[in-house]
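Encoded as structure tokens, the structure appears first; notes follow it.
When the chains are written out, they are named A, B, C, D and E in that same order, and each has its own residue count from 1.
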Amino acid sequence: MFQLSPEEWQAVALSLRVALWATLAALPPGIFIAFALARWEFPGKQILNGLVHLPLILPPVVTGYVLLLTFGTRGPIGAPLKEIGIVFAFRWSGAALAAGIMAFPLMVRAIRLSIEAVDPKLEQAGATLGASRLWVFATVTLPLILPGILAGAILAFAKAMGEFGATITFVSNIPGQTQTLPSAIYAFLQVPGGEASALRLVVVSVAIAMTALMLSEILSRKIAKRVAGT
Amino acid sequence: MSLDVAIRHSFGTFSLDIAFKAPPGLTVLFGRSGSGKTTIINAVAGLFRPDAGRIAIGERALFDSAQRIWLPPHKRRLGYIFQDARLFPHLTVRQNLLYGRWFAPKSGPQEPLDNVVEMLGIGPLLTRRPGGLSGGERQRVAIGRALLANPRLILADEPLAALDEARKAEILPYFERLRDETSVPILYVSHAPAEVARLATSVVALQNGGVARQGSATEVLGDPSVTPLGAGAAGAVLEARVTAHHPDGLSELTAGDLRLLVPHVARAPGTPLRVHVEAQDVMLATRRPEGISALNVLPATVTALRLGEGPGALVQLDAGGNVILSRVTRRSVAALDLREGQQLYAVLKAVSVAKDGIAGTDPG
Amino acid sequence: AAQADDVTVFAAASMKNAMDEVAERYGEETGNKAVISLAGSSSLARQIQAGAPADVFISANVGWMDTLEEEGLIDAESRTDLLGNAIVLIAHDAGATPVEIAPDLPLADMLGEDRLAMALVDAVPAGIYGKAALESLGLWDGVAPKVAQADNVRAALALVATGEAPMGIVYATDAAAEPDVTVLGAFPKDSHPPIVYPAAVLAESDTPIAAEFLDYLQGPVARAAFERQGFTVLTE
Amino acid sequence: MFQLSPEEWQAVALSLRVALWATLAALPPGIFIAFALARWEFPGKQILNGLVHLPLILPPVVTGYVLLLTFGTRGPIGAPLKEIGIVFAFRWSGAALAAGIMAFPLMVRAIRLSIEAVDPKLEQAGATLGASRLWVFATVTLPLILPGILAGAILAFAKAMGEFGATITFVSNIPGQTQTLPSAIYAFLQVPGGEASALRLVVVSVAIAMTALMLSEILSRKIAKRVAGT
Amino acid sequence: MSLDVAIRHSFGTFSLDIAFKAPPGLTVLFGRSGSGKTTIINAVAGLFRPDAGRIAIGERALFDSAQRIWLPPHKRRLGYIFQDARLFPHLTVRQNLLYGRWFAPKSGPQEPLDNVVEMLGIGPLLTRRPGGLSGGERQRVAIGRALLANPRLILADEPLAALDEARKAEILPYFERLRDETSVPILYVSHAPAEVARLATSVVALQNGGVARQGSATEVLGDPSVTPLGAGAAGAVLEARVTAHHPDGLSELTAGDLRLLVPHVARAPGTPLRVHVEAQDVMLATRRPEGISALNVLPATVTALRLGEGPGALVQLDAGGNVILSRVTRRSVAALDLREGQQLYAVLKAVSVAKDGIAGTDPG
């Protein structure tokens, strides 16, 4: 039963790549926005917060469609990017973009919650010892929110592994290029007799995500232990 | 360098309105719990921005509401020992200690880590994280962290409160050295009369968010009309100098025309020293007593006499050019018929002086 | 297409089995490679509107092909009605007796309190055809409140297969392959607009093998594959 | 443009109802499981954690299909429930179930993160004062994690407002009964020229979610202020 | 009720192995920072489960590794004053104070909230939340919270460390009352000799995770061979009784055959009192001195003489059936030719006795 066809292997590899990149690329802006939302007051904060949550609220098809309109090669962002050689449409990078955007709210929330849990008194202590805001962030806040970042990243990774609606709407379902595991599963489910094949892929997808989840739990426990101090 | 502080702020029911000038050396802030000490220190550190006022070190303003100056904390070069230790839980003790080093300018004298670690007795903790440290261990690491940041201003909020007497005795000399040998101003909160007497160059007594009294340690502790540390703490601070070390373990000090014997002081002859003589340790005698164990029998003149409301009285004396206070009962005032101008003897045990009043004393 | 000898085909997802087979045979025979991207017709059409690098489009939905043609996005010359299909009434009950689907069919009574599973009746082709058929037979008003609309015909089939809905309207192709449903009867051909899968080469396609592949789809190999999946092949 | 048809109003009302119930019903088990994952060690913990994340990883269609198989009137859970009069199939309650399950991982993560941020020393203090574990939870932990619960709830609400794939697969789309906003939006997007109609509904959906988001931010700030103490 | 503690535990490099029995009353745990005090208290509270041992109040075992008994903390009826206050940040001060009440049995005597609030001076804070409280305010609320829980065992980990002297003087009598008037055992950690001397029924001195010495306060503080609180703290504890109040504000106490004059003590005649006489406050005289301010000149006999390594010496005296210690210099030992069995006079100022050694003393 676990013989995967070369195309399916491709889909596995692509899903992994997409989910990894989506997660990694979303992390820096995710951390930054989470920090801004947790610690700063600025005009438009509520709007930013709303924007971040948008992909959660909209049906994925709508998000995918919006991406297609804006990041497509003829879209207002896609066209100029194409000029400088960056193309998302119908590339795996587009799948990563879609997955990253869909996963973004989950990641930001998790990181934001951990930032809010950091005692500002520790950050103050860092400042009195000469660390500028940025250094305080890097040496105090960041290490203390590592478990939150990890939680955000794993949520994002899981979401990216499962993301389908926005991806297939934005970059279609081209084997070897944009066909991720969920898209492949979807295609199997559209025809008679495809269930067994779909199930195989579901199992693979779940196995990957569970492994990632387990690793993150172990890592997170390690971090927590260090901070608890022994 | 001196520190100028003048701030006004109000938190709901509590309002702070203080102004004082801390001369070079160590300024002790004291006052009852809730009187605003930590608030002032936080304002000096830049962790809290008062409604109005000015804070300056020498000519350099850290905060000036009129001129809209506000130096962020990380540019103030502080060594702040927090009332709650605030160690970084994710760093080892060693990393905590060296944290300030990353940001301090590399030039200038650097206190070696080992010295501080040894003084604080935290060598065995260096590789541990703060999570499992005891209260006192935490406090000591916090002291070390602040001192190792090469600060140009030290803020210490009850740094020794959680420590045992022996440990205090080991750390106090370090603060004395900082006070005497560096030009770093130190703002120090303490409730302990012994620490105040021993460390303070200047004392600011707070009450309900205002300055109740300010002056040099000698003035504040020697003024019979104020007893901000409680009646038990009234006392005189003598500016003395080590003159000799005797073979039987006693040291001889001179303060004005006075000669005092105290247990061995680990300082070279000629070193200036501050000696805190608590009023309650000074006995008065109208004739020179004989056959007694007290080694210091000092001829003195009564210069002021103040009867309290209770059974006690505070007697201010001049002894060889020094002001000394003595606390006696009213009954003794009557029995000895004490009057201003009276000549008598102040009797002082060597061990009483040594108790906590002298730097570098070897607790015999 | 990415390479001269690659052809990218955007095809309705319901054609997966047949298209996979055709593409494989095509590759073996010509050495060229047909890359099949399977999704909903609406997604694919929108992607073509946004400049997708596809060469051939096969839609399950005539409306979308019409839209693309109006916008000049397909080579109108090449457009051809490739496949046909039929819609059938199915039941979960294995022993259900076949019925004749005619205006006097007591469909609403047969449902009782239960649901009739269909694809979205205003959005998804199978649903649109089904609704049209029921309307022309005068059955729609009776069953409309009982219709459970799935987002695609496969989901409607699943509702019947699990027995959640006792009856449903799906393509004959899907019904044939699902052991857990019984076909009660086919809708008369004239009760709904013809069910066709139009195919065309895209206007922006720059590979000559796009037309070649479209031809291949109409050839004997493809015909056999399509018929094996239950489609009617409309081309000669 | 903002004339909604009565059917669309129904969809709006239904979406609100579904999202609210999904969120409310998910809260108690969400809090419980978050607590178990954050504070207890038990065999099968990793499996529970994996299960909770499953809806994130699986394509929504698969989740919907699994729900259909288990909670359908003939499913192993659905059948006995039917006996006692609880039916999910083709009911708004089924939509709420699907939305709740899809939103569950987001909620649990948020709450778990806040539980992990509560200082166990405070809980110990509660215990020394005579509070049993349950009381400590109710009087110390719970009030301290309110911001996390709120964050989890709002994430879940937003997700539930946008959930579509699993819902339509499980309970299909019956106007007035299971047709939520995302289903309606999806339907519009399937036909050429439906974009304008879809947009209207998207705007409504976003407006609702943004309002909820804003309220939660205000509430959360209030809670945080109280705890910071003034 | 007495408390039995015997535990063994090891944390990496630190290992604890102690056993002691705390008689009814107040047992002070002391020892240097990191010696294991908080660890022991946590074990008694049930917050930490030692590797092995037994902890019991009277006959009731809280923990017994051999019998696998483990009572969870919430069933132990504790009043634990943590070293770090651990107030509930989401509750107001009043709610914090009353937290234990929710869980305490409603029967039995309940300390009224108002009394505790007044004693601690936290009335104005009641509606606030802990966030903005000062260090000392926090500590006081923590004390109140523990006391109001109607505990059957009080654990106090340096409860007064963050407080000013005046505030301490207000709270100490409360602990004395708890010690004397209730049967609640109290385990109390303190570094302050004054607190130890004044409060302790029994003292357990810890060193590196072991018990260095244990005994009644009189024994431990009166033993010249141990100075666990530092040399400065050696002293005698006299069990006295108030005999009279004089009109000039002095009170008369009797301890054995001794009569002592001290500043006014707010206790009725007949009340038993513990008086701490620090060794360094006792002067020796070979003949009865005259014309001196000290009111207490006590005939005494030298019973032991111990020369330290430094310049000091500790002299143990018998005065009217009481053991008294005096700390003098070796030079005085020589000058007065002190020998065991010698008859002499111990001279003690009334105000020195009052310093911190007596309950209910009015700081004059």
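Note that in this section contacts are C-beta pairs under 8 Å (C-beta built on N, C-alpha and C of every residue); 3 or more make two chains touch, one makes a residue touch a chain.
This structure is a prediction, so every number in the text was calculated from the model and none was measured.
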Chains contacting each of subunit A and subunit C, listed by label: D
Shared interface partners, meaning chains that touch subunit C and subunit D: A
Graph separation of subunit A and subunit B (steps between touching chains): 1
Far-end chain from subunit D, centres as C-alpha averages: B
Farthest-lying chain, centroid of Cα atoms versus that of subunit E: C
Subunit A and subunit D, separation of their C-alpha mean positions in angstrom: 20
Chain centre separation (subunit B, subunit E; CA means) in Å: 26
Inter-chain centre distance, subunit B versus subunit D - centres from mean C-alpha coordinates, in Å: 60
Numbers and ranges of subunit D residues touching at least 2 other chains: 61, 65, 164-165, 186, 189, 230
Junction residues of subunit E, two or more chains touched: 84, 132
In subunit C, residues with contacts to at least two other chains: none
Contacting chain pairs - touch in the sense defined above: A-B, A-C, A-D, B-E, C-D, D-E
Partner subunit D, residues of subunit E touching it in the complex: 45-47, 72-74, 76-80, 82, 84, 86-91, 99-100, 102-104, 128-133, 145-146, 149, 155
Residues on subunit C engaged by subunit A in the complex (per definition of touch): 8, 10, 13-17, 35-39, 43-44, 46-47, 50-54, 152, 154, 173-174, 176-178, 229
Touching residues on subunit A, where the partner in the complex is subunit D: 46, 49-50, 53-54, 56-62, 65, 105-106, 109-110, 112-114, 116-117, 147-148, 151, 155, 158-159, 161-162, 164-165, 182, 185-186, 189, 198, 202, 205-206, 209-210, 213-214, 217, 224
Complex contacts: residues of subunit B adjacent to subunit E: 11, 13, 30-34, 37-39, 83-84, 124, 132, 134-137, 139-140, 157-158, 161-167, 169, 191, 193, 229-233, 246, 248-250, 261, 263-264, 280-281, 283-287, 289-295, 308-312, 326-332, 334-336, 347, 349-352, 355-356, 362-364
Touch list for subunit A against partner subunit B, complex: 121-122, 124-133, 135-136, 139-140, 143-144, 226-230
